[in-house]
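To start, the structure itself, in structure tokens.
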Amino acid sequence: MEFFQMLVFPGLIFLSVYSFALEYFDRIVYARLQNRQGPPWYQPIADFFKLLGKEVIVPASVSKLWFKLLPVFAYAANLAAFLYIPLTSANSLYPFSGDLIVVLYLLTIPTLCFFLAGYISEGVYSGLGAVRALTQLFAYEVPLFMALLAPAILADSWSFAGISAYYSAHPIMMLVNIPAFIIAIIAAQGKLERTPFDAPEAETEIVAGAFTEYSGKLLALFRFTVDAELVVVASLLAAVFLPFYASNFIISFILYLLKTVFIVFILAVFKGLMARLRIEQIVAFCWKWLIGIGLLQIVLNVIIKGAF
Amino acid sequence: MLDFHTLKNSIIERFPNLSDEYFREDGTRLWVKAVLPQEFITLFDFVVKELRFDNFHMTVGLDSGDYFEIIYLLSNAENQMLNLRQRTVSRDDTFAASVYPYFENALFHERELIDLFGIDVQGLPAGHRYPLPDKWPDDNYPLRKDWKTEFFDKKTLTYDHEAAAEAERLRLEEEARKKAAREAAIAAAKAKKAQQEKEAQANE
Amino acid sequence: MSKNLVIPIGPQHPSLKEPACFTITLEGEKVIEADIGIGYNHRGIEKSCESRNYYQALYIIERVCGICSHSHSTCYLSGVEKLAGVEIPRRAAFIRTIFGELERLHSHLLWLGVAGHEIGFDTLFMYTWRDRELVLDILAMLCGNRVNYGINTLGGVRRDLEPQHIDDIRRMCAKIEERNNYYVNLALSDATLAARLSGVGMLSKEDALKYGAVGPVLRASGVKSDTRRNDPYLIYPEIPFDVITYDSCDVFGRVVVRVLEINESIKIIRYCLDNMPDGDIIAKMPRKIPAGEVVSRYEAPRGEDVHFIKANGTDIPERVKVRAPSEANWHSMAHMLKGDYLADTPIIIAAIDPCYSCTDRAITLNNAAGSKRTDWEAIRKHGIEFYRNKGVDVSRILLPEKINY
Amino acid sequence: MNPLKKLIKWAQRKSPWIIHFNAGACNGCDIEVVDALTPRFDLERFGVLQKGSPRHADVLVCTGAVTMQTADRLKNIYDQMAEPKFVVAVGTCACSGGVFGDCYCVKGGIDAVIPVSAYIPGCAARPEAIIDGVVKLLSTLEDKKLQPKNPIVINSEKELADMLDEAEAAEENTETENFEENKAKEDNENA
């Protein structure tokens, strides 16, 4: 049973299928925003398998082992984080008291893999893309942690189960966390390196950032990781900020789908309406604004917790 | 708004050897005849500094038979255009003075003169060649009249001088023959007319 | 990045629509040295004009640049007509002015989209190019081709404007004006656009004059100079339009100047449509143009376009020299690049709306000092080159199976 | 595994990523190529995405008559692209050198430098023509036997040198066939 859950439902197969679906949804919303017709439904699948069929060019001066292993590490970290997030019921596959912290740290591994991928492929563009990926990591990491830990403080527990128990007990508390939700959305946009914060792979400046030298299977795996990251971050936000679940499986599964689609819709609209910020503007914006509001949110939560 | 007349007088009074027939007016443009490089620089300096023609448009290279000319288009705040000319001594001694110290954006124009005409412009900073590709063979100056594109083999990047000379000779012969034919025709027509007049007088 | 990093942008780069190679020396993210490498588009146009008669040279001159083909052909023709002493009929002058302004409309909309694309604002890119389609439909309706419209010929215009065309143009102008107002307050109000564009690519008024900048770049630095006013041609002396200037001296100013110029162009088109006289559209032109020299100037969408034509009495021009507007802006752009961030380089390069095919120039990037290429390509190219001059293309060879890899 | 191969071939037809290079054009065709990606003619309907790096792209869309300066850069980009790759020449100048064919600095069409799969004529080829060309190129993928070559990974200069020497040895005994093949190539080049 465990093996089935690991492999099929909340595990590999579901994550892959759902990341293709969400990527398609994201591209369609983005295209419709620019009143274009957008790609057909099977486009993400076609992109993935086409890349599988392409020739893999490995730069000679690069250690082949690392060049090929990095995409696998990035995807593995994503999959591991996905197992700890509760989807349809209050507790996920392996609930334990600090699983929120574990998920957060597992989610930083893909960014490190992107940095290493850019750094070891020694191209001029990939080197710059790698450095930018790291600087952006420091920019959005602190506000993301703050935004996700504020509801945990109110719920007085670090585990998803505790959070959902507390918020299902008194649902009005969820409204208190609205500012934290907004910060989390903006920081998630930074984590997924999407348009206002996509300096690391700015197409018009540094070609394709860390992935410039990748091609064929490895590029397919990297793009797959980026899609999977979208699913994982969306379900993480859903699990922390909208932790209500129905009793039977079918309804709560549909509820989960609605929650993640709603979050990805916001991210897609966000991507369509903004211009790309420079890297030092991103860092300045994150450190000044997001952390400021994050601190206020945490102070507010502590006061409310004291009061009730 | 000083009109061209005062402009001309101020130039002639500063440069006595430039007489009035050196100038040609054409609407809002004043053309000046060609001047040798040594003289040209002082004229250029005077025009830019004193007469305030401080807007540089472009330089045009010209291959006029036995020497090369460079036309400089300048205009002042009142949008009057003054076109100065500098000519090289001869087709082989192609020294020309550069105006880069006065106008930095003349760099590309003057590099082009070097590449396309082979005019030896002195006073430019070091830099890439311009505008021809780097593999371009030396002393092949495309915009010279005697350089024909059809004798240039693009694959091996060599210019076939003999064939060019051959074609040139043929062309000159052809021209001479045609001129001779035309003169003969005119002479024949004149003779026929004179003969008709004689007949007309004869039968009066 | 302690040591200075040398970044080659181009000749193939997603932000450049055309081949040019800029070698940017970086210190961290700041640009400290910029070297321009343009002219990959040098096709030797001037030489080929010297082996064509005036009618045939018109086709080459029209294809100097795809976006401002009407500017080049009008500038060339006004020069040749002046040499021949032929006055084109008023109706033809009106039609040429209308086409010049239509071209300015679609060129500025195009530039606005490219600027949006450079700073990652793809929605603006998609919107402006969707509206640009309206202008291209009108151009296709009037003269059959969306780009390189061959409306001009020696002595006047090839096709006339029928009445039903005129109210199509009016409808299009109304639609573009309404869309343009949306872009005007978008440019002035959008936060991220302002964040990315203001204070970027500074070019003070003195530098603009010193480096001889032209067109919107000059006008965005507060200098009121427009060839339609300085050296009026066609119908512009009678048309009441004002020259837009903005004194913020940066890329943001260039956006505002271009967006407001779209409104001016619409005003000019409406004026021309209102009082266009009847009459024939072409004047008789002699085949052999009398000897002489002429300099003609025209305000292309990107700046002042100067043509020099020398005729020697035959029907073949002796010398045709084209000075395209982008060529005047190169030096001011190299000056602007220094001191800004790498992220701003594409937008600064795009800000002068360079048209490399116009500039017709070639400079190569000296690879010795320049870019750091991944060794793989060097080895792979070496292999292929080594075998190419032996006449065998290695990529077609089926390597014997016994090589195990 | 035949189904996987069939799936990959289907995928290659459904998602051709293009990279655009202007080899000396008047940029009329470049604007029309980029125009094909905008709302009215949206190429994304066929899964076409414009990519920045040659590594990611399959279809190299070239415009303009190849000037001598851009010739070796064009070759360089073509070499960097991953197999299976195609080249689409957009515009009359790209197909045959067009109106600039006789200029001293122009090498002629794109096929003077790299093998071209599809030609789209037109002085400023219309976006509709470009889309039609790309879709026709995609539909030809089915019948052409397209096996992605197994990747040749070369680690060091020495290994490449040995491989090339072996290839040279192999070439010696096939000297005669190559001789005709070269002569044939010479003929159609100057034809």
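The letters A, B, C and D name the chains in turn, as written, and every chain counts its residues from 1.
Throughout what follows, contacts are C-beta pairs under 8 Å (C-beta built on N, C-alpha and C of every residue); 3 or more make two chains touch, one makes a residue touch a chain.
The structure displayed is predicted, hence computed values, not measured ones.
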- Task: Just grab the chain with the largest centre-to-centre distance to chain C, centres being mean Cα coordinates.
- Result: A
- Length of the line joining the C-alpha centres of chain B and chain C, rounded to whole Å: 28
- Query: What is the distance in Å between the mean C-alpha positions of chain A and chain B?
  - Reply: 67
- Item | Intercentroid distance (Cα basis), chain C paired with chain A, Å | 42
- Note on the structure: Rounded to the nearest Å, the gap separating the Cα centres of chain B and chain D is 44
- Item | Multi-chain contact residues (two or more partners), chain A | 34-36, 57-58, 60, 125, 203-204, 207, 213
- What are the residues of chain D that contact at least two other chains? 38-39, 51-52, 67, 69, 80, 102-105, 153-154
- Message: Please output the residue numbers of chain B that touch at least 2 other chains, ranges allowed.
- Response: 132-134, 142, 149
- Message: Judged by the touch rule stated earlier, which pairs of chains are there in contact?
- Response: A-C, A-D, B-C, B-D, C-D
- Name, in rising order, each residue of chain C that touches chain D in their complex. 11-14, 17-19, 39-45, 47-48, 51, 59-60, 63-67, 69, 110, 113, 125-126, 129-130, 133, 145-148, 355-357, 362, 364, 376-377, 379-384, 386-387, 390-392, 394, 397, 399-400, 403, 405
- Query: Which part of chain A faces chain D closely enough to touch in the complex?
  - Reply: 27, 31, 34-40, 42-43, 45-50, 52-58, 60, 64, 125, 203-204, 207-208, 211-216, 219
- Message: Per the contact definition, I'd like the list of chain B residues that touch chain C in the complex.
- Response: 26, 28-29, 31, 54-58, 60-62, 71, 73, 79, 81, 83, 103-105, 107-109, 112, 116, 127-134, 142-143, 149
- In their shared complex, at which residues does chain C touch chain B? 37, 39, 42, 44, 46-48, 51, 209-212, 230-231, 293-295, 304, 306, 308, 310, 319, 321, 323, 327-328, 330-332, 360-364, 366
- Task: Sort out for me which residues of chain A touch chain C in the complex.
- Result: 33-36, 57-61, 121-125, 127-128, 131, 195-196, 198-199, 202-207, 213, 272-281
